[in-house]
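Pasting a structure below so you can have a look.
By written order: A, B, C, D and E. Residues from 1 in each chain.
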Amino acid sequence: MSSAIQMQPQSADTVLTVNNIEVVYDHVILVLKGVSLTVPRGGIVALLGANGAGKTTTLKAISNLLHAERGEVTKGSIEFNGERVHKLSPNELVRRGCIQVLEGRHCFGHLTIEENLLTGAFTRKDGNAAIRRDLEAIYEYFPRLKQRRTSMAGYTSGGEQQMCAVGRAMMSKPSMILLDEPSMGLAPQIVEEIFEIVRKLNATEGVSFLLAEQNTNMALKYATYGYILETGRVVMDGPAQMLRENEDVKEFYLGVSEGDRRSFRAVKSYKRRKRWLA
Amino acid sequence: AQDSVYVPLFTYRTGPFAGSGTPIADGMHDYLRMLNERDGGIGGVKLVLEECETGYDTKKGVECYESVKGKNPVVVNPWSTGITLPLIPRASVDKIPILSMAYGLSASARGDIFPWVFNPPATYWDGLSMIVKYIGEKEGGIDKLKGKKIGFLHLDASFGKEPIPLLQELSKELGFEVALYPVAAQDMQNQSSQWLSARRDRPDYMIMWGWGSMNGAAVKEAVRSGYPMDKFYSVWWPGEDDARSGGAGAKGFKMLNWHAVGTNFPAIQDIQKHVVDKGLSKAPKDKVGELLYNRGIYNSLLIAEGIAQAQKLSGKKAVTGEDVRRGMENIKLDPARLKELGLEGFTDQLALSCADHNGHRAAFMQEWDGTKWVKISNPIEPMTDRVKGQLDAAAKDYAEKNAGWPKRTEACDKAS
Amino acid sequence: MDILYKIFIEPFVFMGEAPDLLIQTLWEGLVSGVLYALIALGFVLIFKASGVFNFAQGIMVVFAALTLVGLYEKGVPAFLALILAALAMLVLAVVVERVVLRPLVNQPDIILFMATFGLTYFLIGFGELIFGGNPKEMITSALLLPQGTTELDMLGGMVRFQHLDIAAAVIASIMIGLLAVFFSKTRIGRALRAVADSHKAALSVGISLNQIWVIVWFAAGIVALVAGIMWGARSGVSFSLQIIALKALPVLILGGFTSIPGAIIGGLIIGVGEKIGEFYWGPLVGGGVETWLAYVIALLFLLYRPQGLFGEKIIERI
Amino acid sequence: MLYREAGQFKTNYAADSAIFPLRQDRLGLGVIILAAYALAFIGNSFLLQAVMIPFLVFSLASIGLNILTGYTGLLSLGTGAFMGVGAYACYKLMTAFPGVNVIIWIFASGFFSAAIGALFGLPSLRIKGFYLAVATLAAQFFLQWCFIRIPWLVNYNVSGALDAPLRTLFGTPIMGPNATPQTRYLVVLTIVILLTWLASNLVHGRIGRMWIAIRDMDLAAELMGIRPLQTKLLAFAVSSYYCGVAGALLVFLWYGGAEYDVFNINQSFFILFMVIIGGLGSLIGSFFGAALIFILPIVLGIVLPAMLSPFGISVGADVIEHLRFMIVGALIIFFLIVEPHGLARLWQIGKQKLLVWPFPY
Amino acid sequence: MRAPDHPVMSKGDVLLAVENVSLRFGGVKALTDVSFDIRKSEIRAIIGPNGAGKTSMLNCINGFYYPTEGRITFKGVKRPKMRPYVAARGGIARTFQNVALFKSMSTLDNIMAGRSIKMRSNFFWQLFRHGPAMKEEIEHRRFVEEIIDFLEIQHIRKTPVGRLPYGLQKRVELGRALAMEPELLLLDEPMAGMNLEEKEDMSRFILEVNQQYGTTIALIEHDMGVVMDLSDRVVVLEYGRKIADGTPAEVKGDQRVIDAYLGVAH
């Protein structure tokens, strides 16, 4: 097992460093058991792992939203741009450019789609015109949102809410986005659209991304580096390219066995190889 | 302690009724404290005073009772009809006399049936009959009430509703009409509907049975709605603050009372000297001598008198609850005794007996002149003949319904 | 038949016979309505911004009024005392945010509701410790509030208008207008509604709950101060005033917890409804129906619109 | 190390579905019940009369409200009135049929409040959350108004209040002035234990699951075939039944007579706070809540003066009262911050820690 | 698991028919004139872009929404307006797009709650937790344990579901729906937020339920791989209208579907 720190030497150009953190929920449930990772400036880092591995928890620890769910970081440290995160309140973190798209949408149900998007710009100080411009940009990415702009978000469909949540985060003009399962519940076209947006923001505006994503295929296609988490530990990490070629990753996350895509009908007869930690 | 007598004082200096409760508590405490300071107690025994805060809440009141019960209190003053009711049956088992001075259960005036409860100097029924009588006299004779309309503004609770049956009986007998205006406890401060209805019904007189901030709010609303204040009467609970809140418009407001206001009595001056000036009282100096403060003094006067009589009768110094009950049954406050106590003219005389735990004493009418209360009548005797039937029936009813109700077992002192 | 006549005919006949009384009743209803609305408004502000049902609003009214009167009694000039009382509400807002709300972020509504009850208890004890339990008079004239009465002869009778009531109505409308504009037209207004929807999501987009809470609690404190002055002028300043706050409940529920105009319209409906009900129909059952009529009126409206007249629609989607 | 799951295997589903699967828990419960009975013989009358009886009565009412608010998620502010219905019903029943044992009437009186409760629960199909509170508030104020206005309810007593006539059980007075605190305590304790056991059966079975389903996600529950109205009404009825019995006990076995005013809105709030502080959706929490909200102030009232006096500060009863208010208020906030899910959850976490002790997780 | 105890229909019969259903919310047209059918024992996929009206369709089927126009026939009976619990009792179960579990209950209790409609013992026995109540409780517990074993979630049997990761919650939700022994199972994006391995597991469960018990399944899913592999027939919605209906292969080749939904990559 190789540690992230070794493989990705800490340089001045790291936006985010997570250093060996431990997270406990409800005082008794230990969820993360020493997770370390770094995100280079302008990098797209993917966080992969099975259900319950702790991806969401890691992201929440970073954006300082854990205490709202009675969880706490009991060990280790997280630094964003060299600043200890837990000293900042979530809103200061957003002000400094780090925003999270929560897993499971979390739109403001009683606000319209447009109002939802505008709350994303809450921390911005650059005037109404700029905000309007960005709003239009978002509508361009997601035409569906434009059609539904005056609907209350609570009534819109799951996918529409997901787009809204992603768009809302983009409205804050962040320098780093923590994306928790952005593709969940989205139609294939839109999934691609989202990843294209990620690439574009990354390329043109240098936004860094930390992606927790189940769609490994997509994630590894767009990411530069990846970490694989299992039951609260990092079990593997490396450049995306390398992960994509790893046999285990192929087997468990990409659904390719012996060179071909497996059919979902076939799984009944197919036997898995051993896992890392099992 | 051997040589002391434990007197718990149930008070409420907190909660929504604190405005009325505080001056009463001060008066009660200061008088007894004065006896301690000046005379070293009563008959040479010190009084151990302890306040228990009830907040006018039945739950806390009962809790207070339970917590003082073990300390051999010689008397308990619940200062709330709601607290008195559950205590009545308990007291007779625990043998602790209850002094519910002019409140509580009117029927408990019957000492033979309620041997442990005292409610001098008059019941609410007495009070109502006095007001009606006074109004009648103003009209030029009680029979002149025929065809008049009397409004009855009352707290919508047992206390406020108690006089209604009598009022209705009187109305039948005397031919006047009655209009009821109930005020719910949670609406005490917002009586505009009641006074609107009063504008519609145009009662010739308004009688109020209120407590706490209901009184002050009523005076205010009466002024607001232009009700003629000199037609507005109250039972004995409003204080100066209540009348004052009506501003100049409150002039002419009348109420029943049975004791003096002011500090012009040697005993009260002793309170100022021995208690207030020494900083032993919680009362602000200018509140001493106000109506509810003096009401507290009257309450303590009865306690002290009960203890003194008990000592005399039992020959003991550290008397018990049972002694004090006997003592109270032998209370005899005549002018001579009042003078001896430094309270000459403070109040009318009062004599209690084994059968009569109330006295049914006369009260007088007083009027608010804009700054203070002015006595405006001679003592008005209650219409005992009209009230007695009700009282006896009520007492009998209570005893019957509370099957197993403890009967009087102790002998009476004949002498008194 | 007789009873039907009494219920359905007589009251209306009487309204026609004595139109002056009808007008007076309506006026009284409007006045109480405005006063209820003032208290309800405080609830709405806080509910709108945090989803917290602030049980302590009633005691805040008492607290604000007592501070004002208490300072005045200590010799502070009336208007200075007013400013100081407002400052006291600011301090309260900051303390509440720090000590109560911040640690309870993202908890269920009912828990926050309970916390405000703890706050109520604390404030009752604290207030009585400082100010004592004695009722005090509101310093109406020192604050230059009008007093006196105008009596208008009309419709064969006379209708009385208290100047104080008129002033209350005017002040309340101005305040409600200002608040409505502030909360619906500004960035903060949108953030407020977002916070009420979901603490977690609001945190994630960088809305500072702490700042928002201080703002609304302070605003609610100011509303409480105004309500305290108005109610105090009407019925004295004492701790029993907090019971009145209960009357804000049907108003709120009728108007919708989240709506500023709802508070005022709900207040007026409840105020007028209960006065008319009590005045014309109350005598049929011995009066005193006012205590529950408000709730029954609110309930009837709710059966028709479960989120209150102006409340945000309850979203049901799956 | 005494508290361990290890070694206690369940071999059938009945044992695994038991309400207290852990042997230590069952033992502890037995000890507590025994101690509670023993208290009747060693406690003094203040402890029994002023602390334990009301504590048990309030616990029972809290269980009632917990069924409605905690388990089914329907907020009610009408508890006081539903308790009142029980008390008044019990009074009418036992005075109309004095020959029947009063214990029967105490249990029967609950049915009246159950019926009234279900009636006021009808709007719950349409109205939710804090808005539902209005229906129950309407109940609260309307019923309270009835208590004052209908003298028939108190058999036309002049006092307008309820009183407690003498009633016996096996020849011993349990009601009325002659009943000793001991006997009353024993009666109340037995009734409360019995009803708690029944409640615990209910909430752990099908009905309890339906209630919780409605609370957690009523739309999903309905889509799974749970009839919302029926389930909610059942919760209202059962809850009110408990409150009704508690009301009867409150008046006749604790106060021994009371005015309508003891069933006011403050009583409703009082019970609600016990439920929330104790833990929504937890029976044991109801007891914790009642203890904290009812007993704590009493203890403070005794302890505070004793604590202050060594410093030469002797303060009046009113100041004690003010401090008491402040401390209770602060403690409520404190406990909520420590554990928003109530004392019951705190208790659970404690037990979980004990299970893994001495390791932290 | 036992076979459903409803009147028997054989494979291939039309179990549910949707005819000309339209659904409007104010100005929003969620569904316009949609018709299709679901046959006994098939796996029927419903796909379409976001906001196409898929979830709304399911909501109409199980009575959560009432169609503004059109009608729905289930097992040959045309249904008037009906409340969701009636549909549930008639044999329609579902899972939800946004997990709608009973958060505070354990996995076991959640699935047990799913069996509420099958439990009959009366209030009295419930009170005493004895006799029929206990017998029934154990009997159903056995059934539920079977489901738990089947879904391989034994280890979280007593965990409150609110604490479970998203993927497991979806699995518990499936378990809860299975507990109702439905004839028609509506699955709304059962595999969203799962990684491949978990999707494979889930597919396995769905197929097994379908093959072993003949349960008819309507499936909404955005993962084309899953849809293509599992379903017998696919209906495609766009803007509330049906744009295609047929076997996976047919649909996949349909140009309108490619334009509206699949995009070039597939």
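Throughout what follows, a residue touches a chain if its C-beta (ideal position, glycine included) is under 8 Å from a C-beta of that chain, and two chains touch if they have at least 3 such contacts.
Small disclaimer: the values here were computed from a predicted structure and weren't measured.
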Point to revise | Target chain D, source chain A, minimum contact steps | key: 1
**Study point:** Other chains in touch with both chain C and chain D
**Key:** A, B, E
Review point. Which integer distance in Å separates the CA centroid of chain D from that of chain E?
Key: 41
Exercise for review: Let me have the rounded angstrom distance from the C-alpha centre of chain A over to the C-alpha centre of chain E, please.
Suggested key: 29
Review point. If you average the CA atoms of chain C and of chain E, how many Å lie between those two points?
Key: 48
Point to revise | Averaged-CA centre spacing for the pair chain B and chain A, given as whole angstrom | key: 75
Practice item. Any chance you could list the residues of chain A touching two or more other chains? Key: 29, 155
Check your understanding: Which chain D residues sit where two or more other chains touch them?
Key -> 145, 148, 219-220, 223, 265, 318, 321-322, 325
Check your understanding: When you check chain E against every other chain, which residues touch at least two of them?
Key -> 55, 64, 96-98, 100
Review point. Who touches whom among the chains?
Key: A-C, A-D, A-E, B-C, B-D, C-D, C-E, D-E
Exercise for review: Please name which positions on chain C make contact with chain D in the complex.
Suggested key: 53, 99-100, 103-104, 107-111, 113-115, 117-126, 128-129, 133, 246, 249-250, 253, 257, 285-286, 288-289, 291-292, 295-296, 298-299, 302-303, 306-308, 311, 314, 316, 318
Study note, to complete from the structure: The answer for chain B against chain C in the complex is residues 13-19, 21-22, 156, 180-190, 192-194, 196-197, 199-200, 212-213, 216-217, 220, 224-226, 241, 244-245
**Study point:** Sites on chain D touched by chain B in the complex
**Key:** 44-46, 49-50, 54, 95, 98, 145, 148, 155, 157-161, 163-166, 173, 176-178, 254-262, 264-265, 298, 301-302, 316-318, 320-322, 325
Exercise for review: Could you please specify the touching residues of chain A with respect to chain D in the complex?
Suggested key: 24, 26-30
Check your understanding: How about chain D: which of its residues touch chain A in the complex?
Key -> 349, 352-353, 356, 360-361
